[in-house]
Amino acid sequence: METITIATAKQLKERFLNVRSQTSKLTKPLKPEDYVVQPVVDVSPPKWHLAHTTWFFEQFVLLNFDKDYCVYDKDYSYLFNSYYETVGTRVLRADRGNLTRPGTHEIMKYRTYVDEGMCAFFDQNEELEDNVCKIIELGLQHEQQHQELLVTDIKYILGHNPLFPVYKENLQNTNGVSQVIGGEYKEIDEGVYSIGHADDDFHFDNEKGRHKVYLHAFRYLNRLITNGEYLEFIEAGGYQDFRYWFMEAWEWVKTEGINAPLYWFKIENDWYHYKLSGFQKVDLYEPVTHISMFEADAFANWKGKRLLTEFEWEVACKQGSPQINKNANFVETEHYHPITRQKEDSQLFGDTWEWTGSAYQPYPYYQRAEGALGEYNGKFMINQKVLRGGSCATPADHIRHTYRNFFHPHLRWQFTGIRLAESI
Amino acid sequence: METITIATAKQLKERFLNVRSQTSKLTKPLKPEDYVVQPVVDVSPPKWHLAHTTWFFEQFVLLNFDKDYCVYDKDYSYLFNSYYETVGTRVLRADRGNLTRPGTHEIMKYRTYVDEGMCAFFDQNEELEDNVCKIIELGLQHEQQHQELLVTDIKYILGHNPLFPVYKENLQNTNGVSQVIGGEYKEIDEGVYSIGHADDDFHFDNEKGRHKVYLHAFRYLNRLITNGEYLEFIEAGGYQDFRYWFMEAWEWVKTEGINAPLYWFKIENDWYHYKLSGFQKVDLYEPVTHISMFEADAFANWKGKRLLTEFEWEVACKQGSPQINKNANFVETEHYHPITRQKEDSQLFGDTWEWTGSAYQPYPYYQRAEGALGEYNGKFMINQKVLRGGSCATPADHIRHTYRNFFHPHLRWQFTGIRLAESI
Amino acid sequence: METITIATAKQLKERFLNVRSQTSKLTKPLKPEDYVVQPVVDVSPPKWHLAHTTWFFEQFVLLNFDKDYCVYDKDYSYLFNSYYETVGTRVLRADRGNLTRPGTHEIMKYRTYVDEGMCAFFDQNEELEDNVCKIIELGLQHEQQHQELLVTDIKYILGHNPLFPVYKENLQNTNGVSQVIGGEYKEIDEGVYSIGHADDDFHFDNEKGRHKVYLHAFRYLNRLITNGEYLEFIEAGGYQDFRYWFMEAWEWVKTEGINAPLYWFKIENDWYHYKLSGFQKVDLYEPVTHISMFEADAFANWKGKRLLTEFEWEVACKQGSPQINKNANFVETEHYHPITRQKEDSQLFGDTWEWTGSAYQPYPYYQRAEGALGEYNGKFMINQKVLRGGSCATPADHIRHTYRNFFHPHLRWQFTGIRLAESI
Amino acid sequence: METITIATAKQLKERFLNVRSQTSKLTKPLKPEDYVVQPVVDVSPPKWHLAHTTWFFEQFVLLNFDKDYCVYDKDYSYLFNSYYETVGTRVLRADRGNLTRPGTHEIMKYRTYVDEGMCAFFDQNEELEDNVCKIIELGLQHEQQHQELLVTDIKYILGHNPLFPVYKENLQNTNGVSQVIGGEYKEIDEGVYSIGHADDDFHFDNEKGRHKVYLHAFRYLNRLITNGEYLEFIEAGGYQDFRYWFMEAWEWVKTEGINAPLYWFKIENDWYHYKLSGFQKVDLYEPVTHISMFEADAFANWKGKRLLTEFEWEVACKQGSPQINKNANFVETEHYHPITRQKEDSQLFGDTWEWTGSAYQPYPYYQRAEGALGEYNGKFMINQKVLRGGSCATPADHIRHTYRNFFHPHLRWQFTGIRLAESI
């Protein structure tokens, strides 16, 4: 993170309480048992998210800057650390789902205790030093990342239960639209472009370092690929033809028996999928989601197109949507699923994260921060692919043109989607 | 199971209600989260035990014999079946711990519903046909088996939590004894003996078939091996000397890094272990428990002795304790841990299951029952070892001289112990 | 091993040379590359067998008893030890197949060197002490065990090559018989019987300890099960019906996709299999072979019969074939495959090892020998099943009524077969 | 590959024979057994390399363009295909090491047969069509790639044998130098540069597509990192400090127990390693080799530097060594190991492949070729890192400034090394 400007502690306190209450709101529909499990290593138990985000403020704010603060429980540092190797021994990720204690009720008490500690801290300090503000803001951005994971992890837990429980009824997903709107390709000229975050407002270390890249001319589709288009790929035998796939992707398809996006089920001749509003027939006009980068790349190959690079995406987005579209389908819409394209929008923000063809690598002047917070991003810069633009599970004030998300190319539990491009 | 004599439906109803309420009682100390998880494949979530035992009565009694009964939820048969392959598709055992729905509250409603169904069934039928009684009794015995698993699975879940939660405070375990009492060897003569269950009262199919075996003369120790004796083995380097171990056991010791019983931890120079009453220093006079058959056998080899065969144990028990000692340390004592030997008792019943050297194989005239209940025991008669005598987690009215328990030789989460013997 | 009577060193030398040359003879049909590989952990490279059997005589005879002997190469003890943990560090079994050096040519020189050393040793000592004779005899029996493994490991190596190379042409297997002869059941009376090796001639430690067992009356089929009978099981859906299988066996069938004996292939509507004489159509009258104990047991369940216990087999064999039938189909016939039953023979000896239902466990007075040779058998007495009678790969003078072979119940690369029995 | 200019068939025939005989030469020091094994999945048996490279000419040249050609053995297409999914069913890579037949002798006959076929084909056609020339040239380049793999795979096979056999005696590796020469950093200016292959001579599809990149200013060390420098990293605890490692790299270090380059062994206080000239003490002035990209990156982090990107490397190389240095330490020197830096050279060519920080991704205008040859490179463009410059196992006429090699970042069996750089 970099310099941020926060006028007063009071304003930061307000933002703090908003973010924290949004986290609680997301867990409201859960039953006590839903908080506990970790079905696969990439998914964390909801109660762990609740505790881990809280631990961040205790560990990096209160214990560092509030000399009166008493630690809630010294074991929690051990239990709710994630991958920060500099802060004591960590619990192996895969074991999180077996830790029934402390229970959710106890964790809620922990949240309240730390929230009260933070409020007292805000109240005692009319002005906060810049570095304190920065760490608090990092904690809030960190919590927003976990809000997104909460949504996707809850979906994984409920979506792998044979009862397919509903998280929220009556989600309006299809937007009443009955055809695919748009489909034009927009062109970007060859030239030298600036990439990376330039201003002083919040951003992560991985997007810092304004620098130049040379782009050759290209064009990109002004909407996401739909379920209907993806079904054509399935029906054309795309999952059975090795020519469209990376060699590792092809092994994955065969070993895992992949033949459709995650959460899709074919029942007799119709395709259904699990959404957070329940088990439903696939809507052909909604953007396809829960596909791996392997699938996105294979689809593009089949179409004779390709994915954008992350640099192309950033340049296209700065031109096509110079302001962040705060009304896009972010988590605040409470659709919890990508929706059919609106006329006026290229879907660059929200709906689904867009897989790019770019490996996640450091920018030219990237330097890892010192200390525990330095572990934030650099250590992941291997074997992952960059995603851009945010999804229907992303908070609207968490995303930026320069925001770089990243996952391993086989993962599918995030709301991920496809945008096509080609060189000119 | 075989012929059983139940005087009236009223008596059976009373027994039914007793067994069912004991199950509920065992889960009282749990928090909501404890009911959900499955840390390893051998352990099942407590809420699954609650549902599965209930499903047995619904599936095999009410749906078969009560024409008025309405099934509670047709999905439950799919969710709470265990290994009965004849009753529809089953949920893979390893996935049980990811099923957060139905939640415990819902399962408790299911229990109440089925209990009411059973009570109505008892009330409507003054006399029950013999085969109905038999199936109900099998269901109750089945539930008692799961009561034992509930205790050991709860211990596994809590004992693998770094907070080491207490299940029940102030358990009196050491019995105030400060020395090992006893240690004589008792002799049994060479000869032909009868093995297996003879009477008409309840027994499992695996113990049926009274038959003759020839035993050569042997002697056995009249108590279980203590923690103190086992510590001598540890300190003598028993876990580092391949000569005492089966080849497979030696691979297991090295691969898993085994160097003490399950739940034992060395802190500086002292050994501690987790008991259901909390994390405590190891008491030297209590019987050692939570050891695999591999460890029991290695200990015996180190001592120059051996384990009993299951036939020797049965003959020894019939002679040494002709009546089942109902006052032994079974689950009703609520110690939930083996206790130091009482003067008057050879510890043949209760405290710990005793690993025998016998592979679990069918008796000469063994025949699998037809249908789903036929899957009960025969399919496990490979690569397992017989244990005898019951443990501190076994209901007192569930055990018999002829009762054959069985587990794979590397497993340790049951209350298992060691008795030494030798040929004469 | 026990007391053996060898009249003179000269006689023992002659036997030594015979056994050693038989080993060489078995490898004659191999190409240089065939000596090297280890396709699965249970199979060893032929050149390893050649070296390991030689190392036995160097390590346990020449280095112990011949003070003039110079070790051939000190590295060989490390390379060619098998599982004798007391003799230095061992090479992990799974790595054997990657050791290209020393090459076969070098190992042949090693064999010659040790053979010459042994001959010199025989020539220098007109009389050998009893314990020396015993160890030499153990070495020869050990080499004969490896002769059998050579045949089965060579078959595995060649039989997993898509070219299906021929080991020996024109093996007469079917014996010109075109129907199944025999099929009567023979009865054995209830009573106390003596089991185990009684005399002073050579035997392994696991068969020592004459002792009594009580057998209930039973009957057994006087021939092995044929390919034709096994095909009926296949065609009746035996591999698709869980009711016939142990639970572990059923997992194995599904996980491994087992649907026929090892080396069997269905081409259009006909079954073929690989024999050491090449790829051929399955002969319906030959004994079925290369089946696991899981399959033998499932077949017996399907037939409503069972396998013999090892004690029943030993009693049946002592009665039915009081003398070892040296003319049975042992390795000396050079059929290298079981052959159709001859009228006069119950096939108790030779053709295929017969899976028994008995777990491999120690006899009542069993004691492990001290030192390296003590590792011989006792350490394997867990999770294995006993096989009896020898096979078409066994040397005729290596088998006995009391001989106990043992393998894990899922293994199939030995010449294993089925005999049915039932209690009366 | 692209347009190539071959004056006459006679010249191409001469080149063909040269490349083919170099392959044979590399296998001369092997014993028959060395040709067979595949110790890990990345290593192929030498005899497989011999056959596979031959199969290329049979499959893609003779069968396509010589109507008189008779296939040598139709099974060979199945056996010696590698990953060309369009040409029939393939042998799984991991099974290659178990195929003892056809033996090396037979494969040599196959080589001779195809060589004769190719010679006849050259002799019959004075002029070859351009597309035929291209495929033959691709086959020769393909064979040169396998020559490099032959060297590294042979090293892996011999270097994992406890006898550490010598491949070639008396290799002069240290060049008589007893100090590190050089160490200056060379600067490259910021600007737009052209990347990729421009001319018509041979190149692979992955380097095709001349395009522009923007580079910020940087400097790079004018030699490779030495064993001595790497030892400082080891002794400073570099393998024990997570801060220098990617998260995946750190898991790899801990899981695999990595603490030094491949082939290194610490004996008492000294470090030794296996070279193709035998087991020797580590020379401090030679370039370090057999390290993964994970280790290269961690070393650079520890030094406060970074690796070059592949684009920086290409620009640096075109400036620093405008002509390919044919006298660099390529396979023709027969050192088979990197040597100490020569004064006049920046070691950009030869000695070791240099790990870059760049993920292996397609160039802007990359298009997969149609048909089997189209599988050549594109399918690997995921989760791999680019290496540049060739090694001591690379043929001198096989490398180019634009040549892109690629491996997974954890692999170490190639001759890989480290060059440091930093942004200015």
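Note that the chains are named A, B, C and D in the order they appear, and that numbering of residues resets to 1 at the start of each chain.
To be clear about the criterion, a contact is a pair of C-beta atoms (placed from the backbone, for glycine too) under 8 Å apart; a residue touches a chain by one contact, two chains touch by 3 or more.
Keep in mind that this is a model prediction, so the values were computed, not measured.
Set against the Cα centre of chain B, the chain with the most distant centre is D. Of all residue numbers seen at the chain C-chain D contact, over half occur in both copies; the interface is built from largely matching residues. With centres set at the average Cα position, the gap from chain A to chain C is 60 Å. Chain centres here are Cα averages; for chain C and chain D they lie 47 Å apart.
If you average the Cα atoms of chain B and of chain C, the two centres end up 38 Å apart. Shared interface positions of chain C, defined as residues touching 2 or more other chains, are absent. If you check the complex, the residues on chain A that touch chain B are 31-37, 39, 47, 75, 78-79, 91, 97-105, 157-158, 160-163, 165. Residues of chain C that touch chain B in their complex: 83, 85-86, 192, 211-214, 216, 218, 242-243, 245-250, 294, 301, 306, 357-359, 361-362, 364-365, 368, 374, 379-383, 409, 423.
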